[in-house]
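Both complexes shown next keep subunit A, but they swap its partner, so subunit B is in the first and subunit C is in the second.
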Partner chain A sequence: MSFYEFLNNHGIDYSQEQEASGGVVLSIKKEDLLACCEILKTDRLFNYDMLLSVTGMDCRTHFEILYDLYSTRSHSRLSLKIKTDRVNPNVESLYSLYSSADWHERECFDLLGIEFVNHPNLERILLPKDWIGHPLRKDYNQEDERLCWNKR
Partner chain B sequence: MQIIISALDYVYNWARSNSVWPLTFATSCCGIEMICTSASKYDIARFGSEVFRPSPRQADLIITAGTITHKMAPALVRLYEQMPEPKYVIAMGACTVTGGMYENDSYSVVRGVDRLIPVDVYLPGCPPRPEALLDAVIQLQKKMRTETLLDRKKYIEAHKPRVKMPEGDSELLLPCDEIEIVRWGV
Partner chain C sequence: MVIEELKLNIGPQHPSTHGVLRLVADLDGEYIKDIEAKIGYLHRGMEKLAESRNYQQYLPIVDRIDYLSGFFNAASFCYAVEALADIKVPKRAEYIRFITMELNRISSHLFWLGTFMLDLGATSPLFYTLREREVIVKLFEDLTGQRLMYNYYCFGGVKRDLPNGWLTRVREFCEDFPSKIDEYEKLITENPIFLERTKGVGVLSKEKALDFGITGPNLRASGVRFDVRKNLPYGIYREFNFDVPVLNDGDCYARYQIRLLEMRESIKLIQRAIARIPGGASEKLHIKRTNCGCNKPECPFCGEDTQIYLKKINPIGLRIPSNEVNIWVESSRGLSGCYVKSNGTNSADRVKWRTPSFSATQVLPELCKGGLYADVIAILGSLDIVLPEVDR
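Presenting the complex of A and B:
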């Protein structure tokens, strides 16, 4: 059974596919993410049991989040791409499936301000706790008066 | 009186300038050069500085080897405050001298460690070679030998941190009202 047959059999709705150098990239709907990951993780053949990274991107009109999965059984990689709105961005947390999602999602929240619903401890990880704004957003402008000693 | 003190200064400065104990403080790639300097090929022990102390309470010198971010800055100031007087600072690498390649647009990097604590020797380079670090240690030793015990009070006054520690739950360092904000460069 090929991978795409497997996806169709389980009713995973992937709208776009492309072969990247690291493996397959699938665009899926935001609402399907948790169910899709659960199928991919529990399946005996493909068994994507490892979450390598969670990467957020600001595409000006929307945010994209890229999840890199890895299978220790078949030694293959898979990337899932979802889109979320720019205003009030939120997506379901993958912490219930992969515990490595904890810090990756905190980083994504810290730098882009994407809210991960049902995350156990969603707070800043790289920047100080009382930082204002999310620096990797394209419209970020640092205007914090407390940091006047750091101005050029 | 002056003669006695200058004789005392000579002995005192000779002793302490030949046993400057640095603090083990490395925040990024300059730390690798610092380790290399303390290893057998360059051998910082020739200048009496081989004892890298893990605790700031036993150290005379802090070599700020590597980029200082806003998250790290309170930790650096706290370590500096915990060191006993007299204490010295070598700003090692471009990042701690001016901010280096993060100078223009970075949101998280402190533009030079002299905004936080007073610096004795600036050591540019990205990262500096071990020979350069040895040169900085020698320059520091020369500086220490010119000091006198009579100026100790003035010296301690000039070596206070230049920012205030954060209050409450905050983690951001605040500007200090007493000391003027350093503004230089372009």
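Presenting the complex of A and C:
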């Protein structure tokens, strides 16, 4: 059974993209993410048992999040991409499946302000707790006076 | 007797934290009840800096992400931009990258070994390891002009050719070095105090390592055979056949052993690469090239393979069409990933660094819980965390 047949059997909508280095990026719906990761992780054949990184991106009209998965059984990598709104961005947390999601999602929340639903401890990780705004957003104001160390 | 719980701050300014890491420990006597790692003290906004710089301007900064193994970060960023802009790298440049990366792996492991032993209270191994590391750092200094922040790779190759006699010195080092590793082993491996401090301490099970996304030597010490060089080869790694050492114990001692085995393997790789590098030593290549002078692309002396870059890249004119790439490189600490999204201008839309120490720091509290306070330092040292890489 090929990988795409496998996804079709489980009723997951996807569209496939090719990145420049030849890796595969699957765009899936935000609602499917948790279910998709669950079957990818628990399936005996594919068994994507590692979540290696969570990359958030500000695409100006929406946010994109890229999840990098790796299978130590078949030694293959896979990237899942989801889209979320710019107003009130949120997505289901993968913490229940992968412990590594904890810090990676916190970092994504810290720098981009994407809310991960059901995350146990969603707070800033790299920046101080009283930081204002999310720096990797394209509309982030770097000249905000309130961020000056001497005036805090 | 009433036993009170003690909240103890380890760091941020603590010599054993290898940077600026803060651990907040709940102590019950000598035992750790709970421990929490706080990071972010070295956050420099590497990903934000990429937005305001073009690709060429960003390249020198990436060496600072992991200061002990700067070549790997530069390599992953160069591979990413080369994949995006479709730039071809000549064979000789790939070999030079290969040799410098493997040497960098050794120098990073050596520094780790010295400081790890220092954390455990053994002072003398540091002098031994720094003695060998100094040779490598001198080699890098002669090659790149810098001891730590090399800024040597460029898009499409490397910046300058090897200096005269450089490969001979590397060859001599490679012949000499295995006996030096034996020396370390004599000093450390069977030392009863060292065994007491590391055997069975901080055991990282296979399942937990996978769950937390641990990569590199830490993962291989837990019994998972995953090495990016072998499983998803980049550069010229697919042309080399080499062993990936794997141990099953997953404790601090296994993490120590795996790095010694890796250094031995790297030496073999460097020796093979020196024997096969197109054009050979640069002093001879220069004479041959002058005598030949045919400038045909397939010539073994002045052809494409023996160049260090094929085309100089104009930093302003390097406008990369909208695309994305995700490059994984096996650095000395594990899987180091670089995600670059281009947008048609000469600067990147988004650069994301996936660093191995970030995951290793996350798993640290899991390993320390329930153990002794003295073991925290041993576990922290054995995981080989470099804090600038965690915070970026």
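Some observations on this one:
As a convention for this text, the second predicted complex is superposed on the first by the 137 of 152 C-alpha atoms of A that agree within 3 Å, B and C clash if a C-alpha of one lies under 4 Å from a C-alpha of the other, contacts with A are read in each partner's own complex, and residues count from 1 in each chain.
As a convention for this text, contacts are C-beta pairs under 8 Å (C-beta built on N, C-alpha and C of every residue); 3 or more make two chains touch, one makes a residue touch a chain.
What you see is a predicted model, and the numbers here were worked out from it, not measured in a lab.
Between subunit B and subunit C, C contacts the larger number of subunit A residues. Residue contacts after overlaying the shared chain place A:D102 against subunit C, while subunit B stays out of touching range.
With both structures placed on the common chain, the touch criterion links A:L127 to subunit B and to subunit C.
Shared-chain residue A:L147: touches subunit B; no touch with subunit C. In the superposition on chain A, A:D68 makes contact with subunit C only, not with subunit B.
Contact with neither subunit B nor subunit C is seen for A:A35 once the two complexes are overlaid on the shared chain. In the overlay built on the shared chain, the residue A:P135 is in contact with subunit B and with subunit C.
On subunit A, the surface touched by subunit B in one complex and the surface touched by subunit C in the other have residues 126-128, 135 in common. The touching residues of subunit C, when paired with subunit A in their complex, are 39-40, 43, 45, 47-48, 79-80, 83-84, 86, 208, 210-213, 215, 224-226, 231-232, 323-328, 335, 337, 339, 341, 349-350, 352, 354, 358-359, 361-362, 391-392. Put simply, subunit A touches subunit C in their complex at residues 19-21, 23, 25, 49-53, 55, 57-58, 66, 68, 70, 72, 75, 77, 79, 98-100, 102-104, 107, 111, 124-128, 135-136.
The part of subunit A that touches subunit B in the complex is made up of residues 126-131, 135, 140, 142, 144, 146-152.
If you check the complex, the residues on subunit B that touch subunit A are 70-71, 103-104, 107-108, 110-111, 115, 162-163, 169-176, 181-183, 185-186.
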